[in-house]
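Next up, some structures in structure tokens.
Each of the next two complexes has subunit A plus one other chain: subunit B in the first, subunit C in the second.
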Partner chain A sequence: MNDLARYERRRRIMYGWMLLSPALILLSLFAFIPSAMTFWSSLFSRGTRRNPSEFVGAGNYELLFADPTFSKVVVNNLIYAGVTIPVSIIIALAMALWANSKIPARGFVRTAFFTPTILPMIAAANIWLFFYTPGLGVLDQIGALFGFGSVNWLGRPETALWAVIIVTIWKEAGFFMIFYLAALQTIPPDLKEAADIEGASRWTYTRRIVLPLLMPTTIFVAVNALINSVKLIDHLFILTKGGPSDASKLVLYYIWELAFSYFDRPQAAALTVMVLLVLGITAAIKFIILDRRTHYQ
Partner chain B sequence: MSDAVKSGQATHYVMAPKRSFRPRLTLALDTLGAWTLAIVWIAPLLFAVWAAFHSTSDAVNFNLAGAWTLDNFRTAWDGAPWLRYFFNTFLLVTVVLAGQLVVTTLAGYAFAQFQFPGRDVLFIIVLLQLFILPEVLIVENYVMVSRLGMFDTVFGIGTPYWASAFGIFLMRQAFKSVPKELDEAARIEGCSWFGVLWRVYVPSAKPTYLAYALVSVSTHWNNFLWPLIVTNSETTRPLTVGLSLFGAPESGVNISVISAATIMSIAPLLIAFLLFQRQFVQAFLRAGIK
Partner chain C sequence: MTDPFVHVESVEKRWNGQLGVEDISLSIPRGSFVALLGPSGCGKSTTLRLLAGLEVPDSGRIVIGGRDVTASPAAERGLSMVFQSYALFPHLDVAENVLFGLKVRRVPRAEQRKKLAEALDMTGLTGLEKRKPGQISGGQRQRVALARAIVAGHPLCLMDEPLSNLDAKLRHSVRRDIKKLQRDLGMTVIYVTHDQTEAMSMADMVVLMKEGRIEQAGKPAELYETPASTFVAGFVGSPPMAFMDAAILPAGLTSAGLDAVYGVRPEHLDLTQEGEGLLQAVITHCEYMGSETFISFDVPGTSGLTVRLPGEVRRSVGEAAGLTFDLSNLHAFDKNTGYKLSR
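After this line comes the complex of A and B, so read on.
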């Protein structure tokens, strides 16, 4: 009997590993080994025909810190994250509150908010290109009605990054809305009634009751928005290509450019390692601190 | 509970006619705000649709009376091998989804129903992949895919997404909610582990599969950066990459034609979305909220 139990246990262990093996092999091939290789190749110099690649330690990182484009893309990405995260959260929240209230044509309103979410970023960029084109574009035509001159939104360093930011917000706000909408629908109606009896204004009710109850959703959405601010760069390929003079270049686009336009893999690797570090810290904060605090949900 | 009972400032409104005034005003303001934002949000898309059906000069001059035409679609269609791109994208999302379903089902099942040492550590390692985005590892994944001889193939684009940590997580959650009794009953009936998985777990997780499939298909239909890197021929290039090449300023295509090409390539997903909107939204929700 004891032998049978032990046999059964061993069989289950074997099955467990067997079931997991495809996932583990694939994750190793396309996530863990590449991560390790990224770190490894960031420690070697770029090999040329005359100078074979050699170990340089932190050399690539030093080069990167000395590279003015690097600081430019980091600052750009911080602005990109710093604007897109809070603005899309606020718009998503407003959308959800409206889409949840008893307004006429609510179905249309919800569809309008959500539709950009299912478009490819490339298509979104093509659509917005029409808006930004100098002279002929929609924005300029609207501006002309009010007597403003033509502005090259995508071609000027002061406006290019903002043009990119607007497309990102347009694309992601509707997606975040549905999470708020779902959370709003779980708030028990008695809370609203109680607040009404107490004479609380709508604003007080929203600020003191709704917003705190939506906190876990906000954290979830914020983490997603943060990840998006690293990976949503497809529209750069259509709208600005990172220009003019790097004014709208973001970190991931620069990684792509370093690796596939300048063929400087070690520099790309060093930059990738830094992005992975930032993502790792985010993951740690999310798992260790936030998940523990939001247990009550 | 009527509005008149409201304490505080509400006592000023004890007079009957004013009672319903404030809620009605708020509703009017809400409606105004919501409609304005909705129109602003959908306008770019509507405008692109409108422009796609008009000549460039009508489109840029906002000539609302301009004649409707299909010429832009004709020009766009002749400008690139769209049928091939559609087929490639279709094949890509199928390959990605099929692989994901197999891999995540097996792994999710193992994490949900098998006890073995090291399982929890492994689960955390899998979850790590949620943050090691495939998008960030483009350089080394490109090396890996080339080394495996999968450069410029549909499997080169697809396989890195098969072991989706997110999918594994979803399946684990779905399988965990299956009552143990069902599992045991099936075993007593003589089902093998695979039989139990196939007859008990998979059918009970149908809504999760549907949700995951919708999210996966729309993600990979829209994916761009990775396919751009690992394809270099017409025979594998998906729609998004084809569209970006077609719309490149260097190719000198005009704005109405670009709009037509854009509308064309988003049409299948957009129509599917408009028809099955509820399912789409539910799917994204189910997939997002853990």
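After this line comes the complex of A and C, so read on.
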């Protein structure tokens, strides 16, 4: 009997590991091990033929903090995230509320809002490249109608980052709208009726009932937007290549440059580790703090 | 019934030409309990939603408390509503759910607290203030919906099948609670149900609807004792009235002629020996209910023929028996229209 119980116990443990193994193997191969290796390589100096690579500890990190481009891209990315995340969420929510109400051509409106999401980022960037082109571009042509001069949106340090931000918002808002739309459709219509009978205005209903019920979606979307603000840099390759003079350079683009243009892999590794750290901490804070205040059905 | 509290005048509502309700006229005195009864799709919920202001009638007039509210939004009609699904706000706790309307109307906080305590006490929810709807039982959720409906003290409360999500035992006790609340608070309640027992046992007035029209409105006893049509007779009562074609009854018994259908309640039928009585029948079903036994028969030209006998009666299925009844207990209906024939 005791043997049988022990056998049963062992069987269950084996079973658990078997269920765990596919995810464990894949995540280890493509996430955990590379992260650890990145961290390890960030501790060594860049090897050249004359100076072989040697252990420098935090040396690469010190170099990074001394690098003016590093602070520039961090500030850029903070602005980029600080604008794209809230603005795309607010626009997504507004579009979802609108596309969920009883309006004519609702299907068309939803499709129209979602179209930017279907486009590959590279294609979207090419479209916007045409919009932004000085002289020929749509923006300049519209501006010319009102008597404004030609503006090189992507070519001026003051506007380049903002031009990139607008493309990102345009691309993301439609995608996030789909999540909000799905969440809105799970809210039973009789909640609205109950609120109506109690005399709640549209605004009160939205603020007191709809927004709290959408909180799980908002958290999900916000985490996604945060990840995208670091991860999504395809459009930079088409639009600005980080320029002019690093005005629109984001962290991941800089990592790519360090690794594959300057071939400074230890520096790139150090920067990657810092990005992972910041993202991890932010996600943890979001989930821990916001989850506690959120109602899940 | 001078100066009715709720007055509905030939209200009609259609959706894309499809009939919702038609020619609905009702006068409901203050403080009464009215049941809108009928099978699904008969328009009883639509009628309630029209009263609530969740739908706007295509024509007709709705007056509540002497004020024409036909075009008023729901909030201005001075009523509360209990939804079939309860429509509780899942992210708010019990207290916030109950107080939602008072908060919207910016009632002073001290008054909110007082009314909350009263409403929770009356519905037996005291102590559950901080629970979310997901953390309480179905019966408690139902009482939260009730508490939310009574907390504002509106004189009119609409209930849309409030008991349909409860199990049978709970339903019975909640039925009494609702009735007691209504009486204690002097509320006028308009109550939608498809369950005739609920309607008959709770209501002062039952409005039986069919296909978007009112079939008969009156006291429960009126509907039971003098049904206006075969539909009413077949809907009210458990088991409902049985019907017999005039042709199968002994000639000379029936004054209304062969175009009539005769209805008889189970308690007015009596069992006799085979070969005696007015009808010869075969037992198809025997239901023992404890204090009484229902025996059903199959006779060509009849439907739902059932006898109610007190206590336990042992008869086997397939046995032949005679049936007898007093002619004065027969209800005559027109065979084609189903409406009552005057004697």
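Operating definition for what follows: the second predicted complex is superposed on the first by the 256 of 297 C-alpha atoms of A that agree within 3 Å, B and C clash if a C-alpha of one lies under 4 Å from a C-alpha of the other, contacts with A are read in each partner's own complex, and residues count from 1 in each chain.
We take it that a residue touches a chain if its C-beta (ideal position, glycine included) is under 8 Å from a C-beta of that chain, and two chains touch if they have at least 3 such contacts.
This one's a predicted model, so the numbers in the text were calculated from it and none came from an experiment.
**Q** With the two structures laid over each other on chain A, which partner does A:Asp190 touch: subunit B (first), subunit C (second), both, or neither?
**A** So A:Asp190 only meets subunit C here.
**Q** Is A:Arg49 contacted by the first partner subunit B, the second partner subunit C, both or neither?
**A** It touches nothing on subunit B or subunit C.
**Q** So, does A:Ala283 touch the first partner subunit B, the second partner subunit C, both, or neither?
**A** A:Ala283 contacts subunit B only, not subunit C.
**Q** With both complexes overlaid on chain A, does A:Ala182 touch subunit B (first), subunit C (second), both or neither?
**A** first
**Q** In the overlay, work out which of subunit B or subunit C sits against more residues of subunit A.
**A** B
**Q** Would you sort A:Leu213 into first (subunit B), second (subunit C), both or neither based on which partner it touches?
**A** A:Leu213 contacts subunit C only, not subunit B.
**Q** Quick one: is A:Asn126 in contact with subunit B, with subunit C, with both, or with neither? Answer first, second, both or neither.
**A** The answer is first: A:Asn126 touches subunit B but not subunit C.
**Q** After superposition on the shared chain, which partner residues are touched by A:Glu198: those of subunit B (first), subunit C (second), both, or neither?
**A** Both partners, subunit B and subunit C.
**Q** So subunit A touches subunit B in one structure and subunit C in the other; where do those two contact lists coincide?
**A** In subunit A, residues 193, 196-199 are touched by subunit B and also by subunit C.
**Q** In the complex of these two chains, what residues of subunit A are touching subunit C?
**A** Counting only subunit A, the residues touching subunit C are 188, 190-191, 193-201, 204, 208-209, 212-213, 215, 295, 297.
**Q** In their shared complex, at which residues does subunit B touch subunit A?
**A** So the residues of subunit B in touch with subunit A come to 1, 5-10, 26-27, 30-31, 33-35, 37-39, 41-42, 44-45, 47-48, 51, 60, 62, 102-104, 106-107, 109-111, 114-117, 119, 122, 125-144, 148, 159-160, 162-163, 165, 168, 193, 218, 221-225, 228-229, 239-240, 243-244, 247-248, 255, 258-259, 261-262, 265-266, 269-270, 273-274, 277, 280-281, 284-285, 288-289.
**Q** Taking the touch rule as given, give the residues of subunit C at its contact with subunit A in the complex, in rising order.
**A** Residue positions touching the partner: 52-54, 73-76, 79-81, 83, 85, 87, 89-91, 100-101, 104-105, 132, 134, 148, 152.
**Q** Which stretch or stretches of subunit A touch subunit B in the complex?
**A** 12-13, 15-17, 19-20, 22-27, 29-35, 37-38, 41, 91, 94-95, 98-99, 101-106, 108-123, 126-131, 133, 136, 138, 141, 170, 173-175, 178-179, 182, 193, 196-199, 202, 220, 224, 227, 230-231, 233-234, 237-238, 252, 255-256, 259-260, 265, 268-269, 272, 275-276, 279-280, 282-283, 287
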